[in-house]
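Two complexes come next, and they have one chain in common, subunit A, joined by subunit B in the first and subunit C in the second.
Right, the complex of A and B next:
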C-alpha cells in the first residue's frame, strides 16, 4: 500500500460526496462550526463546575454527588453533540486533518481526556460517599479535577490551532 | 478568594474576544501586509473549500520560467455573496490576482482582488481578518488602490 491505512481512510472520507458537500457548502460548514463551539461550551462549562467543586473552590457546602448528578447529564449531552459535529467537520477536511500537526495533538489529547474520567470513576469516585461532604476532596480526586481542567483547555487550544497550520 | 473568582469570568471573556469568530485564521497569521504582489497567470487548480478557498495559477516570469502559485481566498459562502460562483474560475483561464505574500516566503498569496478574463473583479479576502483593506473593499496597499 502506497500510503498508511489511516491516511487512506481519511482520503476516502474527504473524497466522499457527503464530505465534499460540507467542504464546498455556502453555509453548512460555518453552521456546524457554531454548533461545535456551543457544545464545547456546554461540555467544558458543566464539567468545570464539578472539577472546581472537587478542588474546593466553589459550592463547598454542596456534596460532590449532588453536583455530579446535576452536571454530568449536561456534560454528556455536550459531548455527544460535540463529537457528532466535530466528526462532520473532520469528514469535510479529513485528508488535510490527517497531515495537520495540531489535529494530531488534539486527537491524542482527546484520548487522554477520555482516560481521565475512566480512571476517576473506577477508583476514588467509588468511595465518594466517604468524602463527598469534605470541602477539599482527596488528592486523587483533586488530581483528576486538575487533569480534566488542564486537558480540556488544551483540547480547545489545539483545536483552535488547527486553522493555523 | 471571592474577588479572585469574580475576575475569572472577565479574564475568560477577554480571552474569548481575542479569538476570531469563525474557524479560519487571521490575516496576520500567514500573510505580510507590506508585501503586495500581483500575479498574472493561468488557472491550474481550484479548491472551492471551507473555511478558505484556494486556487493555483501558473505564472511565467521574465526569464520564461513557469512557477505555480497558490492563492488563498475566503470560503464559498462569502465568495458566493459577492457574485463569485463555484464554476466561474475555469482551468486554463488567465486571471489577475492582487494580494499579499505569505510570511514564510512560500509561493502563496492572500487573494484580495481577483480579476476574471471578462474584466470583472471580485474581492477575494475575508472581511475583518485584519489585513489591509479588510473592510470588504479590494483596496489596502494593492497596486492601483485609491488612497485616502
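Right, the complex of A and C next:
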C-alpha cells in the first residue's frame, strides 16, 4: 500500500522499539508529558515578560535590551526542554499524530511562532537602542509582542486539543 | 458552617457543575485557559525569584520588579482560581477524595500566604548591592512551593 513519505516515516518511528517502549510504559509517557506541560512556564512565561515590557505594561523604567538579555536565556532553555520532551512524545505517537488535525495545526503555529521573532529581530529590533527607553515602543515592536502572546496561547490550545482528536 | 464535603457536593450540583459535566468542550476550553494562565503565573514567579536570587537584573530595583510582576502574578492567579473552580465543578467529588488534589490545595494555600507575607516584604527591602542569604532562602522556598503546586496539579489527572 503506497503511503506518503512523511506518513511512512511517522509509521517507522511509531513501530520502533524506542517509540513503542515509551508508549507502552506505565510511567515514561506521563513523566515526559508532565515535564512538557510544566516547562510551558519556562518557555512561554519568560518570553511573556519581554512581550509585556514591549507593550509598555510592566517594568517601563528598565530598557528593553536589558530585559531581553535577562529573559532570552530562560526562553532558549525552555525551548530546549520543550523540543526534547515534545519530540519524545511525538516519537511515541508518531503514526497517530500524523493524522491528528490538532497536531498539524500545532506544528504550523510553532513555525509561525518561530518566524515572528525572526522578523522582529531583523527589522524593528535592529534599531532598538533608539527606542528601548521609551515607555511606549514603536508600533511594529508592539505588534510583534502581541503576535507572540497570541501565537503562544494558540500553541497551548492546539497542544491540549491533541488529546481530543 | 457547612463542611467542605457539603461545598464540593453543592458545586457538583450547581448550574456550573451541570454545564461542565454535560458539555463536550467546556472542560477542555476551561483547561486551556488554566494552562495559559499557568504560563504567565509561572513566568512572573520565576522572573521575580531569579531577581531575588540576584541571577537577573541585579542592578535594577527588586522592589520595582516585585511591584510590577506582583500585579501580573495576582492577575494570572485570579484567572487560575476561577478556571480551577470551573474544572473542579466537572469532577468535584473525585477531587475531594484525591490525595493529589488535597496536596495541591495545601501547597497553593502555603504559596499564596508565603507570597503575601514574607515574599513581598523581602522584595521590598532588597537593595541592589547585595543579595542576602534570607533573600535567597525566600526565593528558593517560593520556587519550590509553586513548583509543588504544579506537580501536584499534574498528579491529579494521573493518579
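Operating definition for what follows: the second predicted complex is superposed on the first by the 164 of 165 C-alpha atoms of A that agree within 3 Å, B and C clash if a C-alpha of one lies under 4 Å from a C-alpha of the other, contacts with A are read in each partner's own complex, and residues count from 1 in each chain.
Just so we're on the same page, contacts are C-beta pairs under 8 Å (C-beta built on N, C-alpha and C of every residue); 3 or more make two chains touch, one makes a residue touch a chain.
Please read these numbers as outputs of a predicted model, since none were measured by experiment.
J.: Given the touch rule stated above, what does A:61 touch, subunit B (first), subunit C (second), both, or neither?
T.: Only subunit C; A:61 stays clear of subunit B.
J.: Using the superposition on chain A described above, determine whether A:147 touches subunit B (first), subunit C (second), both, or neither.
T.: neither
J.: Counting only touches as set out at the top, which of subunit B and subunit C does A:13 meet: first, second, both, neither?
T.: Neither subunit B nor subunit C is touched by A:13.
J.: When the two structures are overlaid on chain A, which partner does A:94 contact: first (subunit B), second (subunit C), both, or neither?
T.: neither
J.: Which partner chains sit in contact with A:30 here, subunit B, subunit C, both or neither? Use first/second/both/neither.
T.: both
J.: Comparing subunit B against subunit C, which has contacts with more of the residues in subunit A?
T.: Answer, by number of touched residues of subunit A: C.
J.: Is A:70 touching anything from subunit B or subunit C once the two structures are fitted on A? First, second, both or neither.
T.: second
J.: Contacts for A:160 in the overlay, against subunit B (first) and subunit C (second): which applies, first, second, both or neither?
T.: Both partners, subunit B and subunit C.
J.: After the superposition on A, what does A:46 contact: first (subunit B), second (subunit C), both or neither?
T.: Only subunit C; A:46 stays clear of subunit B.
J.: Residues on subunit A in contact with subunit B in one complex and with subunit C in the other?
T.: Touching subunit B and subunit C on subunit A: residues 30, 58, 160, 164.
J.: So in the complex, the part of subunit B that touches subunit A is made up of which residues?
T.: It is residues 5, 19, 22-25, 29-30, 48-51, 75-77, 80, 86 of subunit B that touch subunit A.
J.: Give the list of subunit C residues in touch with subunit A in this complex.
T.: For subunit C paired with subunit A, touching residues are 28, 31-32, 35-36, 38-47, 50, 56-57, 60, 64-65, 68-69, 71-72, 147, 150-151, 154, 158.
J.: Considering only the defined contacts, which subunit A positions touch subunit C in the complex?
T.: Listed in rising order, the residues are 30, 34, 37-38, 40-49, 52, 58-59, 61-62, 66-67, 70-71, 74, 152-153, 156-157, 160-161, 164.
J.: Per the contact definition, I'd like the list of subunit A residues that touch subunit B in the complex.
T.: Touching subunit B from subunit A are residues 22-27, 29-30, 33, 57-58, 89, 92, 160, 162-164.
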